[in-house]
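Down below are the structures I want you to see.
Note that chain A is present in both complexes that follow, paired respectively with chain B and with chain C.
So, the complex of A and B:
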């Protein structure tokens, strides 16, 4: 369980996160939605300790993240940021093997390599596992990074806009994989996402942020609602039910 | 050919070059020449290793392959110290004459400067590494201008002494200092061993490193201190030569084509020793001491730097 209590973050007197409190249950996908600059990425970065918070407490399974040991925390929670500009000459397999660092400290044992193999197979990267990262397409690179996160084998997985620059097929593929991770491996996933239709189709819970505050949080069907969405995005959004999914129509 | 094999080849070349340097044209008073040559080789190995090692670590911390520790302003500070001593006390003064005292004063001030610089910058929350580099660069330029200013004012004969200090040279290293530097470098290396395992992960970038459980601020601060100490030792021993680092680390990356720091560090150390030994050999046998090794290194390094800029658009 991730428990966020009264968290604030200010940059140069501009408040980015303004008193957010939130509880996330295990074994769910929680999507963070909201307009640009709402503080979604900041919040998710604070949960994963990439940036520090000014005030408040964040606990993961009852343990305060500022007090937890770095290495132990890395076995519990992992994050994938929007920009993965790694300028090293790495193959997919080498990148994925970095996911085992919290366990192996760089000296991978047999069971570490087994986890690496599992992660590669899970993301269907076996055939291209010896290709270098700079030879890959955007979708393949994103899958390689997700494989690394899977190899890290953490209960909580945080993703910051994992669908950026991906086409529909790869986006669906990645969202399906995330759903499988939750359903089959009982992971807990927190995801920042811009496409509200993906949020609507795949998440259990949605948290809507605006100007650093939570506007609405709750089960997907409560948040994907015309009134709520108008409040968040300041635009009229039509919601249609297609094959049991709530689809937002806002393109025209 | 794999990077392991290439590393072994580099090691073999290094040993052969060292033997060539020591044994070439060995005649006359062997009892006098031999120990002097061996001492020079040891000095070259020490400074070469210190520079190559600290540059590799520095590039990994900054995730940038064209930044060297010289951007911290330590070279300029060294020249400022030397010029200042000559300016205040004259070239005949005790500190200038006794290389031991000069060595300690230089190392002391350089390490102190780095610690103060780091302390200021890591105090607050916003410990941005590029801010550190910017401050280092500004201070380096300031030290350089101040050095120039004093050099304009001093006596031309004194200026010649100051000018000599601007180029690294192993021609008259003091053997006591070589032993002392060896000890200091070994201590720094032992301290570094605790952080060695983090280097590969640090190369992935700050966010990935934190994600994988590296205590980022703690490790980076200590690595930067090690870098400053090693650069100070190398500079105080033979003079400012940090440009060498840019050259050898990039050659190591290009040659070994791996991300593993174990091989990158060994490779760049060996390449650095090869460059210095080769340069020194040229200085002694071809230029007959008309120039210093740092002039040759800077020339080759400059050409290589232009090449790096030209091929920058290619991914490396």
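So, the complex of A and C:
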């Protein structure tokens, strides 16, 4: 369980996160939505201790993240940032094997390699595992990074806009994989996402942020609501029910 | 390229290197050496060979570590002010403690190299340059500022002649008794190998490192200390060998990738091959005289560097 209590963050006297409190249950997908600059990325960066908070407490399974050891935390929570501009020439397999670093400190044992193999198969990268990252398409590269996170085998997985630059097919593929990770491997996933329809179709819970505050949080069906969305995005969004999914229509 | 071919080339070049020189020692003499020949081997030829090997390996590895930590393919001791700072350090050691032992000189030089490199890394963090190619230019400018400081103090203290001996890399003055400091690089290089995985992770950025539970700052600092120590020991004994740390890692990257555990050994061996070859060219081209290594490496190295620059798009350097 991730428990966030009264978290604040200011950059240059400008408040980015303004008193956020939130509880995230295990074994769920939680999507963070909201307009640009709402503080979504900042919030999940703070949960994964990439940036420090000014005030408040964040605990993961009852343990305060500021007191936890770096290496132990790396076995519990992993984050994939939106700009993974790695310019090293590494093969997919090498990248994925770094996911085992918190367990092996670089000296991978047999069971570490098994995890690497599993992760590569899970993301269907077996055939291209020896290709260098700079030879891959955006979608393949994103899958390689997610495979690394899978190899890291943490209970909590945080993803910052994982669908960026991906076409529809790859976006659906990644969201389905995330759903499988939760349903089959009992992971807990927190995801920052712009496409509210992906959030609507795949998440259990949605947290809507605006100006550093939580506007609405709750089960997906409660947040994907015309009034709520109007409040978040300041625009009229028509919601249609298609095959049991709530689809937001806002293109025209 | 397979690692065993590289080892083979190193061995062949090493053996040939020992038998090149003004006083005649032929390979077939090896089993019945005269006293003179033995002395030349022990005092001059073998120390020279060892210092070439160590300098070639260690400067290339320094470049590799710096490139990973700065996440820029064009950063090396030459292009980050490390060499110039190390040289300023030697000069300061000479000015402040007139009878400094080699060890003391190395220590002062190391401190300067460390500070200089650190300042350069800070500059890198502050200015976000769009094109990676500008970073070595900034580094070269930074290095030149430090270098002109050194020249100024050297003029004032009549140390110009003294200083020029570390300006130019030169193996011809290497003799037993004055090169042993280089052995200090060997344990440092072993440490570098042990940290290879961590350097590679650090090379993927601070966020990436933190996600994997790696203490990013600590790893970067260890890397910079390694680079400064090795550079100081090489500058003091051999002098400045330009471009080495720049071109060798970039060539290895093309065929071996950037996983340090995989590329470190290749980089070391290729560096040794390159310096050995350049040294032999320098010794043969105007035989019986010789051209300093910094000149041969500089000419050949800058040529290769330009070639790498032109091809960089293709290989994504």
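Methods note: the second predicted complex is superposed on the first by the 252 of 252 C-alpha atoms of A that agree within 3 Å, B and C clash if a C-alpha of one lies under 4 Å from a C-alpha of the other, contacts with A are read in each partner's own complex, and residues count from 1 in each chain.
One rule holds in what follows: contacts are C-beta pairs under 8 Å (C-beta built on N, C-alpha and C of every residue); 3 or more make two chains touch, one makes a residue touch a chain.
Since the model is a prediction, treat every value here as computed from it, not as a measurement.
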| message | Under the superposition described at the top, does placing chain B and chain C together on chain A give a clash or a fit? | response | clash
| query | For A:25, is the partner it touches chain B (first), chain C (second), both, or none of the two (neither)? | reply | neither
| said: So in the superposed three-chain picture, is A:64 touching just chain B, just chain C, both, or none of them (first/second/both/neither)? | reply: neither
| said: Applying the document's definition of touch, where does A:87 land relative to chain B and chain C: first, second, both, or neither? | reply: both
| message | Quick one: is A:52 in contact with chain B, with chain C, with both, or with neither? Answer first, second, both or neither. | response | first
| request: Name the residues of chain A shared by its contacts with chain B and its contacts with chain C. | output: 48-50, 70-75, 78-79, 81, 84, 86-90, 94, 98-99, 101-102, 105-106, 134, 152
| message | Can you tell me which positions in chain B touch chain A when the two form their complex? | response | 63, 65, 125, 197, 200-201, 203-205, 207-208, 210-215, 257-259, 315-316
| Of all residues in chain A, which touch chain C in the complex? | 48-50, 69-75, 78-81, 84, 86-91, 94, 98-99, 101-102, 105-106, 132, 134, 152
| Tell me, which parts of chain A touch chain B in their complex? | 48-50, 52, 70-75, 78-79, 81, 84-90, 94, 98-99, 101-102, 105-106, 134, 152
| said: Could you list, by residue number, the parts of chain C that touch chain A in their complex? | reply: 68, 71, 73, 196-198, 200-201, 203-205, 207-208, 210-215, 253, 257-259, 261-262, 316
